[in-house]
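Once you scroll down, you'll see the structures, which are given as structure tokens.
What follows is chain A paired twice: with chain B in the first complex and chain C in the second.
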Partner chain A sequence: MDQPATNPAIDKVNRGLKRRYRAERRFRLCGATAVFAALCFLFILFFSIVSSGYKAFQKTFIQIDVFFDPAEFTNENLATANFPALIKASMSSRFPEVTARRDKKDLYYLISPGASFQLMKLIKNNPALIGQKERIWVSANDDVDMLLKGNIDRTRPESERRINDKQLAWLDTLAGEGKIKKTFNMAFFTLGDSREPEQAGIWGATCGSFYTLLITLSLSFPIGVAAAVYLEEFAPKNRWTDIIEVNINNLAAVPSIVYGLLGLAVFINFFGMPRSTPVVGGLVLTLMTLPIIIIASRASLKSVPPSIREAALGIGASKMQMVAHHVLPLALPGMLTGTIIGMAHALGETAPLLMVGMVAFIVDIPQGFTDPATVLPVQIYLWSDSPERAFMEKTSAAIMVLLVFLFLMNAVAIFLRKRFEIKW
Partner chain B sequence: MKKGILLASALIAGMFAGSSAQAAGRDYISIVGSSTVYPFSTVVAEQFGKTTNFRTPKIESTGTGGGFKLFCSGVGVQYPDITNASRAIKQSEYDSCQSNGVKDIVEIKIGYDGIVFANSKKSAPLKLTRKDIFLALAKNVPDPKGGDKLVPNPYKTWKDIDPALPNEKIEVLGPPPTSGTRDAFVELTMETGAKSFPFIHDMEKKDKNMFKATTQTVREDGVYIEAGENDNLIVQKLEANPHAVGIFGFSFLDQNADMIQGSLIENESPTFENIASGKYPVSRPLFFYVKKAHVDVIPGIKEYLAEFTSDKAWGNEGYLADKGMIPMDKTESEHFAEQAKDLKPLTMKQDK
Partner chain C sequence: MRTSYLLTTIVVLALGSYFLGRSKAFAVSKSCGGVKALHSLPSHYGMWTALWCAVPALLVFALWNAAESPIITSLVVAGLPPDISSLPPSKLGLIINDIKNIISGNITSGTPSPAILQAAEHYRALQAISVNAMTAVILSLMVAAGITIRNRISPALKARNKVEKLIQLFLFLSSAIAILITVGIVLSVLFESIRFFKAIPLTDFLFGLSWSPQTAMRSDQVGSSGAFGAVPVFAGTAMIAFIAMLVAVPIGLMSAIYLSEYAGNRFRTIAKPLLEILAGIPTVVYGFFAALTVAPFIRDTGGIFGLSVSSESALAAGLVMGIMIIPFVSSLSDDVIHAVPQTMRDGSLALGATKYETISNVVVPAALPGIVGGVLLAVSRAIGETMIVVMAAGLSANLTANPLKAVTTVTVQIVTLLVGDQEFDSPKTLAAFALGLLLFIFTLVLNIIALYVVRKYREQYE
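After this line comes the complex of A and B, so read on.
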């Protein structure tokens, strides 16, 4: 049957074909552009954060020769010795030509005030050093650090720099002797907050985040799963459960600051829990993540085919056995994924914690659930508002660390889904 | 399952027990209050924590008003021990303290903070008077054609106000009304500037409310841009927009002297020396307030006060001056150091 295409319907289709292909290409192009734009924004975000923050992972050290003068260690308690004086003496002996009071102050300024605590630790661990001369790398002041990283322009007129001409000359001398080095900034990962940028670290905030999330996880996961299982498997379908369902969906969309206010009123003002602690922060974040976990858990329970339930009931399992032995294990990967995404959400949350006093300056590393603490995003917020220029790169570096944690959590969620998810 | 539930309930019980045990006694000082004092009190707290055996105090930045609210809520470990303030306590706040049982409050002045008007180094420095600032920023100003009448602010460029000023659009970035810096700036510049008009000066006695409304209302037609509490952000915006002027605390000018410059006010530039000597007119005192009832209950308060009021902290050459705080003169600092030592409570008449 070799009939030419005279069918009017086919003709009509053929006439419109080009136009339809064009429309499809346009549609695809729109999609591709949207993806491209999103990637562009992501790239700009990463570029601006990384470019301003990568330098924070390096830190400047200055080598000094410290003489642990026995005359300073007369007191039984070695920690009371005048460690700053030891550093000053060492700097003065290196630059004996500096005598004027003002100049001396400028000279001592090059070394971080934290260096004396470093010496204190050294002596505590090894009292035999007293009376000896030691060559030690101590951290430089944040302005020196900024200068060596190029964030302070040395070609500017002297009055516009925080490092004056004399200090520049001293630093150049030291650098010429190889007494200045930049190494990996361990302090950033091991110390708590500080007002001296060179001694500020994120370990305190990381611990705070850990304790807070531990509380959130240990409360919201069991409660969330239990609520989801009851609503999905046991609860009768009536007007009340409909109302509950609508309300859970609404709660998931409530701005997080509202939970902060609730936490302030209930946990702190009514129950009298201590402010600024991971307990309260964790409870507030539990309230916030619960709806997310319940919704995700219900979705994953729904995706378990009814045939499995019927088979279990058919061979005589009780309803509880059916849920515990068959449905729950199959739904668990989806529930865990939802939980991890909820946790990632909680990790990045600041607003509700503002209300319960977790925006605070805390130097000591929190040791438990009732020690005052901050969390990573709050630390970022606090640093971004500090006047010292060196905190700017610290802010970006802390954002990078937070992003790494978020990526890790999302990666675990994807891994769980890929590994355990069963397709029906 | 059962085990999990048991574990979870044990954990919750443990937490509550832990928190109530903690509420019974607190072994660290809790400080709240002004974000302007925050950078200074944190330095002291850190120094205190590292050089003594006490734990480092916890410092929350809640703003001056928020700080007083928490501080005056009552006596007991769940309430803060010290509040920082970038202005003196108000009568209403004092009364609320008294009615909540916070009877004895010790007031310690710690130093001064200059408020600067700064622009980018890319443009020329401004020479302003407080009258210029009032005319540039008030919502209603005296009619430029003369007469004792207030008209909505007609000024668009600095040149309109004073021919000596540059022919540039007025664009000011400053703090929002919740900020203590804003309160101080309004009081110290706009109010004083407005008083140079005789009829507004007379208004203060005749109609206090009208006077307040005239001198303290900032224009809302987009010339004054509320840039949030984050002063670093204002500095960055000034760098991006050389025509804008920013309002913030002196320490931010001090740290960013390579990017921004302070405007001269009444021919005085905002330098450390000028603010300390009182020549630069826009500076305000900073305070903190101590709850006397807590002094012997929470360990370390006396020692913290001693550290704060020591010469190596708030003295002329102290580490607070390095951070940009303007120290008091010798007699004044001695007076307040004495007050901190004796814990002499503040007396304000209480109107019932």
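After this line comes the complex of A and C, so read on.
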């Protein structure tokens, strides 16, 4: 017997079903689009950084024949010799047809001003070279570097590029003779900052970051762990500890620039600490990372089951022994993970360090905690402000290096978590 | 460098005294029937001795270093010829700087006079005396403390309780630092802000419509009036934060819903960490991305449609800031969506609702307080964010509602007012602290509300 589906409610449902499924699909698509969009942004970000910066790991060199004229080395102190003149002489002898003052200037422009330091070092290490002719590779000017990397368009009218037609011709001659080469850019990893893009490197900033983070780590880890242990294991439950707890949660969300204001007013103005140094930067970052470390450490302590504590107390350990011998070792991997994440945060932080004067232009590699220094992210900020095309490339390259550091730190944190995580 | 030697000596001596105390404990235990007769473990006696050795020494060291420079300076100033020491304090400060520069071998301003050279010599001599005296005091203190405590060690001495009390004190002080930081922040911005509001009335600052903090160096200078009306700055901040929220909230919320309700396990384990990478990228990188890629892109796109877009438009900065905040919103919403009990979803599905209807009618309303709390936290983050706006937003304080124009924000103004040379008596520098105070108060209020809402909500389902 047929049962005719005449239930009006079912009909109503069935009529709406198509529309409802459509809405369902639409919503699902929306969600997928959102995830896709976020991942797209990530991809575009990385692509734009890498594509604009990967060329910075190569550097252009020009080969010149330098005659170390003994007439230049009459002074006892060899460093006072006129090294730029030697380079100019060698360029002039290579292109004897260039005679006009203006053209000569253009010709000498092709070689980086840093090349004379290279010669100075050469002579310092080996004074026997004086009076000889030597064939050496010196670094080219940043505009030459940009041209050879294809960042300066040869087809544009002469007035719109930084390399003129004559310089182009000379460079082509040199290139035809195999006297121009591109090699791995060692200078980028070993030098400090410079006004000349081809002489600028990130080693100074890396050292600054290292000293700053060392201060941060050595202060914030012990203090953060101690604070977490007190709050989690010893603190009586009263209003005082409630205030501390709310306070720490709020501190974790205070804008980082406010910590910079604190550092400026307290450490520099009140205590008279030296500006621009890793000490002050490290202290400011300590204050900033402390809440992060405390929160992570507390979570880690919380995950240690109470049975461990009770067992330790049961066999007669004092409370301090229970914490030091049993709870802390079990909670330590989690605390370390939190600390590393806090340190990664500190490594990428820029704004508070601007406030305490770590934006100075510093050429020397810092040798200690009280030398003026800058850090990697601030170096990135400084370079991104420079008008030269070559600095843009350097900025992206420095960002890549910074991201590699951050990636490594996070990888270590994840490894620690995976390796030592205990499922109770 | 002598101080670092001294520090090493302190550590070595403290270690030595640990073993001294420990061996003494063993020695006294022999006469009364073995280690079990001691109140505490031998190592506790060692620790007690070491602590007595090291803590007072370190305290003296810290105090001495803090007090040394001012005392020596005042002694040197007292020894200066009367015509120099009677100079006004600002000039005297310059001379003292010169003296210190001579000592550290730096370049001085001009050739120093013989009187100053002599003072430098005096300074150096005093410094040498001070270092020697400090070394002597600290070492004798350590030896005295070590011997006294060692002689005190007896089986009845409650070394463990004493050591543990001290450690607990250290733990408590560490957690009190959090309070200290807050107090430090409030005091440091408050004092400078009060000085600022003495020069510029509070109402002018809060409701003034023109912001140009360049104060005139000379009275006849043109165009540097020094107007401190912060409304354009607030408006710019609000606009950029609003644009950021327009990007971050829909994308963050939708991806959280998709990942927790729809996505398969495999997709989730890949997509979630990738999203979290966005959260780990330093803000300076976002700033560079905004200035390098997004701003030119928006300007060119605007050019196609015949719109004039500033190269430092609020849109570019807001857009990139939104991207930065996406993972923040999504992970917070993910938490609250997970906290909604599964039984509520099951109930709705059992009544015949589709998944979409379940989410929009049951899950999201239940999670709404938590989501709102998360969004508030994200807003406070957007307002306090610095590097993106410093690199991608402008400096000129335009009061405009057009997102294609350049605007400025509170954090940009703080950075530009404070980076570089600064004198702490001009309202220009102090204005940065006033802005900082407002920023701190505003984000604090937002955070407190958000944390309260989130916590309240969490309790509801636990």
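Here, the second predicted complex is superposed on the first by the 389 of 424 C-alpha atoms of A that agree within 3 Å, B and C clash if a C-alpha of one lies under 4 Å from a C-alpha of the other, contacts with A are read in each partner's own complex, and residues count from 1 in each chain.
In this text, a contact is a pair of C-beta atoms (placed from the backbone, for glycine too) under 8 Å apart; a residue touches a chain by one contact, two chains touch by 3 or more.
Please read all numbers here as calculations on a predicted model, not as lab measurements.
Q: Between chain B and chain C, whom does A:F234 touch in the aligned arrangement: first, second, both, or neither?
A: Second partner only.
Q: With both complexes superposed on chain A, which partner does A:V359 reach: first (chain B), second (chain C), both or neither?
A: both
Q: Can A:A34 be said to touch chain B (first), chain C (second), both, or neither?
A: A:A34 sits against chain C, while chain B stays out of touch.
Q: Let me test your reading of the model: by the given contact rule, A:M392 touches which partner, first (chain B), second (chain C), both or neither?
A: both
Q: May I ask you to decide whether A:N141 touches chain B, chain C, both, or neither, giving the answer as first, second, both or neither?
A: neither
Q: Check the residue A:P113 against both partner chains and state whether it touches chain B (first), chain C (second), both, or neither.
A: A:P113 sits against chain B, while chain C stays out of touch.
Q: State whether A:S384 touches chain B only (first), chain C only (second), both chains, or neither.
A: Once the two structures are laid over each other on A, A:S384 reaches both partners.
Q: Compare chain B and chain C by how many residues of chain A each one touches, and report the one with more.
A: Of chain B and chain C, more residues of chain A lie in contact with C.
Q: Now for A:G368: first (chain B), second (chain C), both, or neither, which partner does it touch?
A: Touch status of A:G368: first partner only.
Q: Applying the touch criterion given at the start, work out whether A:T216 contacts chain B, chain C, both or neither, answering first, second, both or neither.
A: Neither chain B nor chain C is touched by A:T216.
Q: Based on the A-chain superposition described above, do chain B and chain C contact any of the same residues on chain A, and if so which?
A: 222, 359, 384, 392
Q: Tell me, which parts of chain A touch chain B in their complex?
A: By the definition above, chain A touches chain B via 105, 113, 117, 152-153, 156, 159-162, 194-196, 215, 218-219, 222, 268, 272-277, 279, 324, 357, 359-364, 368-370, 372, 382, 384-389, 392.
Q: Name, in rising order, each residue of chain A that touches chain C in their complex.
A: 13, 20-21, 23-24, 27-28, 30-35, 37-39, 41-42, 44-45, 48-49, 52, 222-224, 226-231, 234-235, 243-244, 246-251, 253-259, 261-262, 264-266, 269, 287, 290-291, 294, 318-320, 344, 347-351, 354-355, 359, 377-378, 380-381, 384, 392, 395-396, 399, 402-403, 406, 410
Q: Would you mind writing out the residues of chain B in touch with chain A in their complex?
A: My answer: residues 1, 4-5, 8, 11-12, 15, 18-23, 26, 28, 30, 35, 38-39, 42-43, 45-46, 49-50, 55-56, 58-61, 78, 121, 229-233, 251-252, 254-258, 317, 319, 323-324.
Q: In their complex, what parts of chain C are in touch with chain A?
A: 160, 164, 167-168, 170-172, 174-179, 181-182, 184-185, 188-189, 191-192, 250-255, 257-259, 261-263, 271, 274-275, 277-278, 280-289, 291-293, 323, 326-327, 330, 352, 354-357, 359-360, 377, 380-381, 383-387, 390-391, 411, 414-415, 418-419, 424, 432-433, 436, 439-440, 443-444, 447-448, 451
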